[in-house]
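Please go over the structures that come below.
The two complexes that follow have subunit A in common; it is paired with subunit B in the first and with subunit C in the second.
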Partner chain A sequence: MNKTLLGYVPKESPIYEVHPFVKLFFLLVVSLFPLFVAAPEWNFGLLVFLLLLMFLCRIDMRTLRIYVPVAISMGSIILLSYTVLGGRHAEFQVVANVFGFPIYWERLRDALVVYFRILPMIATMVFFLSTSRERDVIVAMRSIKMPFVVTYVFAMALRSAGMVLEDFHIVRQAEQARGFDTTGKSLAYKIRKYVMYMIPLFALSLRRAEEFTNALVARGYSFTGKAAKIKRADYVLTHYSYKIHDYILILLITAAFGVLLYLSLGLGFFELDKSQFIQWLHQILS
Partner chain B sequence: MATAVKKSEMTAEEIWTVQPGERRSVGVIHIVILALLIGIGFVVGAFGSISFPLGFGVNFFWTGIAVQQVGAIWFGGWGVLAGAIFPFFSNAIAGTPFYVSLAYVPANAVQAFLPAWAFRKFKADPRLKSGRDYLILFIAMVVSSAFGALWSPLVVLRGFGLLTTESVPLFIWGWFGGNVIAGIVFNFILLKALSAVVIRTPAFVKRWWS
Partner chain C sequence: MEPIIQIVNYSWKYPDSENPALNGVNLQIMPGEFVGIIGPNGAGKTTLALSMNGLIPGQYHGIKQGEVFVLGKEVEEYPKGELQMHVGMVFSDPEAQFTAMTVEDELVFGLENLGLSRNDIKERLEWVVQLTDLQRLLNKPPYEISGGQKQRVALAAVLAMKPQVMVLDEPTSMLDPLSRKRIFQVLRQLRETQQHTIIMIEHSLENLTPLTDRMILLSEGNVVLHADTRSFFQDPTLVERGVYPSEVIQYFHQIKKRGWYEDEIPITLDEAIEVQEKLLASLKVFNDRKGL
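Entry: the complex of A and B
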């Protein structure tokens, strides 16, 4: 199994046949797709496509469970902000009354549009995080010629996030061993006491900063001055090369975006008045 | 020992002023601090984003503000950079779309920059020795969070067409309250507890980069 930023993916997953840059390119471009699509059924289609990709890439779908509460809370907030908090509009069509709040068809429709826009955007991010290892992100950045110091900081940041998480567990266990237990306490109490984790976390990180620095200086690393100008051999990049299917995938993603732009901006293909789903829902609610 | 005694008596003015003969330059430690702050912010910020979500990366109680503002006060430009970058990662993990996170960068940068600027400009003591230091931190927290709270819902979320005009106040207050309350809970204690140690380390930044 390969440990990715969000979970584990089997080494035999087809995603590892793809160059890391293609995954980054996919994230950057496909995240834009929902912004040009209003019709919810098309965005839902994109969501299903992304979930299918995750399945094909043998991502452990159980890791997606942490996003279920996110999706539900986001859906509820969108629904509330568009309906109850949406104000009163005499020009809109009332489809229901809930505790004295008029629920307008136009607001309900807009809430659905926004929700189905957000879901595939989140899924694209989750797909990237689920299939990319720290090394993949670094390789993707280096293959587009990002400066060494930027990629190095990025790599260190990702690595240190893992260390901080580990430190967090150590601090928590140490405090539990000394009798500190927040079980059954109020949320306000837990929040107040969270600072008991923050101070040791900061202190540990400051100590680590010195250890890191000494290790880097001892190995001759420098990010300023003459030593920083020396061209370094990039060992990691030697393990990755673009293959024909990588170029094909980049072309396909670019072409898909081009077609989407033409259909959306040129022909208005994804507009709401052409949405079958919205028309069907309107008929049911009217 | 004599040096230690002298350093413990440092005034707020001395903390921010480069002394004659003192050499300060950007070093590897600052790059490391930048990376570590992003790392801490990633974890601490994600906790707030996952535990108290309001939606689209806006939270009722955002713990990441502590890393953002305290880090920038101690480490100047490196803390500001980290404060602008780490929410991008913590939001991503918590399910905020890529381009929405990207558009939050100016708000996060200002939230980190203002307290750092205020402490340097008004020579406030990061160890919070007087009421004036507390007041400067509090005002900087409120003003910077107000900017973030206005930028994010009005420019970002409205720009992406994610909010109605009527629901904008909920997100403005959500962002503002979530940041200021978390700042009050964590910033004062962190500065009070650790500043005395941090200002003695080579990583501490007196000007903006060194």
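Entry: the complex of A and C
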């Protein structure tokens, strides 16, 4: 098993045959797809495709269950914001009344469109993070000649997230050992006492920052001056090379995006008035 | 021969402290020497180490007096990033010195800062990985390995840069005895095969003593004892000064104090066994003569 940013993927997974840049390219391009597609059934199709891809890449599908509550709560928030809290619009078609709030068809439709746009975007991100290690992200960024400072700061941000979490556990355990424990207390109490964790965590972060700066300086790194101008060998890239299938995948992703743009902007293929699902739902609600 | 590090009347005071961390220190360290620095907590050992690497005054606020010369040049005269190419530093907390996402990247980071080519980096990487036995860990994140492995990675990362001077600030203080032994094994190999000048701050004297050429005892910011390792441990007042050498050395000091032994105190276990054998042999001769 290889540890990735969101879990573990078996070493035998075909995803390891793919150059990290291709994965990043997939993330950047495919997450744009839903922006050009209004019809929810197509975005749902993309979501199914992404789930299939995760299955083929041998991502443990059980780990995806943790996103179900996120998807439900996000859907509920979008639905509430668009319908109950969406304001009054005399020109819209009322399909129902909930506690005196008119529910408009147009607002309901828009909520569905937004929701089904967001879902595949999140799935694309989950796919990327589930199949990539921190190093893959760095390699992908460096292979397109992004400045070292940018890739390095990004890598450190990834690393520091884990470190802060680790420090938080240490602080919590230390406070529990001295009798301070919020387990079983009310939410209001927990929020009020959260500062008890935050202050030592903040102090620890400052110390970490100092240690980290010292480590960088001690290894001869400098953000300014002559040392900063040295051409770096990017040794990590020697472990990765583009293979024919990488070029084919880049071409396929690019071609898919081109076709999508043509169908969407040129022919209006994914517009709402051509959506079978929306028409069917409208008929039912009307 | 010119000293590789020369410290002249050097004092350093942190802004929020009453007393200086270092107070009028004078030191000379020659190329190729292995120097051990010992002393109680708060004696100024880490401040001295940071001063030799340029992290003081570069990264810390404080009042500096006197001068610290490295390779004949005052540390403040070095452009950013240059001094650290000559003086490598290993800190006591291995976690605090990692700068990359995998062990391999960690080892390579400093080499890239030196501006080496990919071939040179590969060569040095292979050398240091073999020396420190890190082959199996190269693809692992440095924060997911054991404490001893972390410290070996930190040591290897500095070693790979092949600095002329290596300053090690209590590199084994957080390690178990076995991991500590492995670090000292690497240092022993290094001492035998390389031409590094090594300055090591360490509390584990039984491991440090056999490696060093000279020992320095710091206390309250002052150098209170400074001699070659053998002479250093002949001093009968060491324990009174807060230095607890290996039990072998303490044992010989005790028997010398009781008048049962008059010669030089052995400083390693092997030497002690040899001396003890001689003592027992002479005792046997004595007993035989007396017919006891």
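Convention: the second predicted complex is superposed on the first by the 286 of 286 C-alpha atoms of A that agree within 3 Å, B and C clash if a C-alpha of one lies under 4 Å from a C-alpha of the other, contacts with A are read in each partner's own complex, and residues count from 1 in each chain.
The rule is simple: a residue touches a chain if its C-beta (ideal position, glycine included) is under 8 Å from a C-beta of that chain, and two chains touch if they have at least 3 such contacts.
Because the structure is predicted, anything quoted here is derived from the model rather than measured.
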Which superposed partner A:Ile138 touches (first subunit B, second subunit C, both, neither): second
First, second, both or neither for A:Leu28, with subunit B first and subunit C second: first
Partner chain in contact with A:Ile248 - subunit B first, subunit C second, else both or neither: neither
Touched partner set for A:Ile170, first subunit B, second subunit C, both or neither: neither
Which superposed partner A:Ser73 touches (first subunit B, second subunit C, both, neither): first
Touching partner for A:Arg159 - first (subunit B), second (subunit C), both, neither: both
Dominant contact partner of subunit A by residue count, subunit C or subunit B: B
Subunit B versus subunit C as contact partner of A:Tyr82, first or second or both or neither: first
Subunit B versus subunit C as contact partner of A:Leu56, first or second or both or neither: neither
Partner chain in contact with A:Gly220 - subunit B first, subunit C second, else both or neither: second
Residues of subunit A that lie at the interface with subunit B and also at the interface with subunit C: 158-159, 162-163, 208, 210, 212-213, 216-217, 221-222, 224
Touch list for subunit B against partner subunit A, complex: 25-29, 31-40, 42-44, 50, 53-56, 61, 63, 66, 70, 85-86, 89, 92-100, 160-167, 170-171, 185-186, 189-190, 193-194, 197-198, 201-203
Residue ranges of subunit C touching subunit A (in the complex, touch as defined): 53-55, 58-59, 79-82, 84-85, 88-89, 91, 93, 96-102, 104-105, 108-118, 121-122, 125, 141, 143-144, 157-158, 161
Subunit C partner contacts - residues on subunit A that touch it in the complex: 3, 133-135, 138, 155, 158-159, 162-163, 208, 210-222, 224-228, 230-236, 238
In the complex with subunit B, residue positions of subunit A that touch it: 6, 27-28, 31-32, 35, 66-67, 70-71, 73-74, 77-78, 80-82, 85-87, 107, 110, 114, 117-118, 121-122, 124-126, 129, 149, 152-154, 156-165, 168, 191-192, 194-195, 198-199, 201-203, 205-206, 208-210, 212-213, 216-217, 221-224
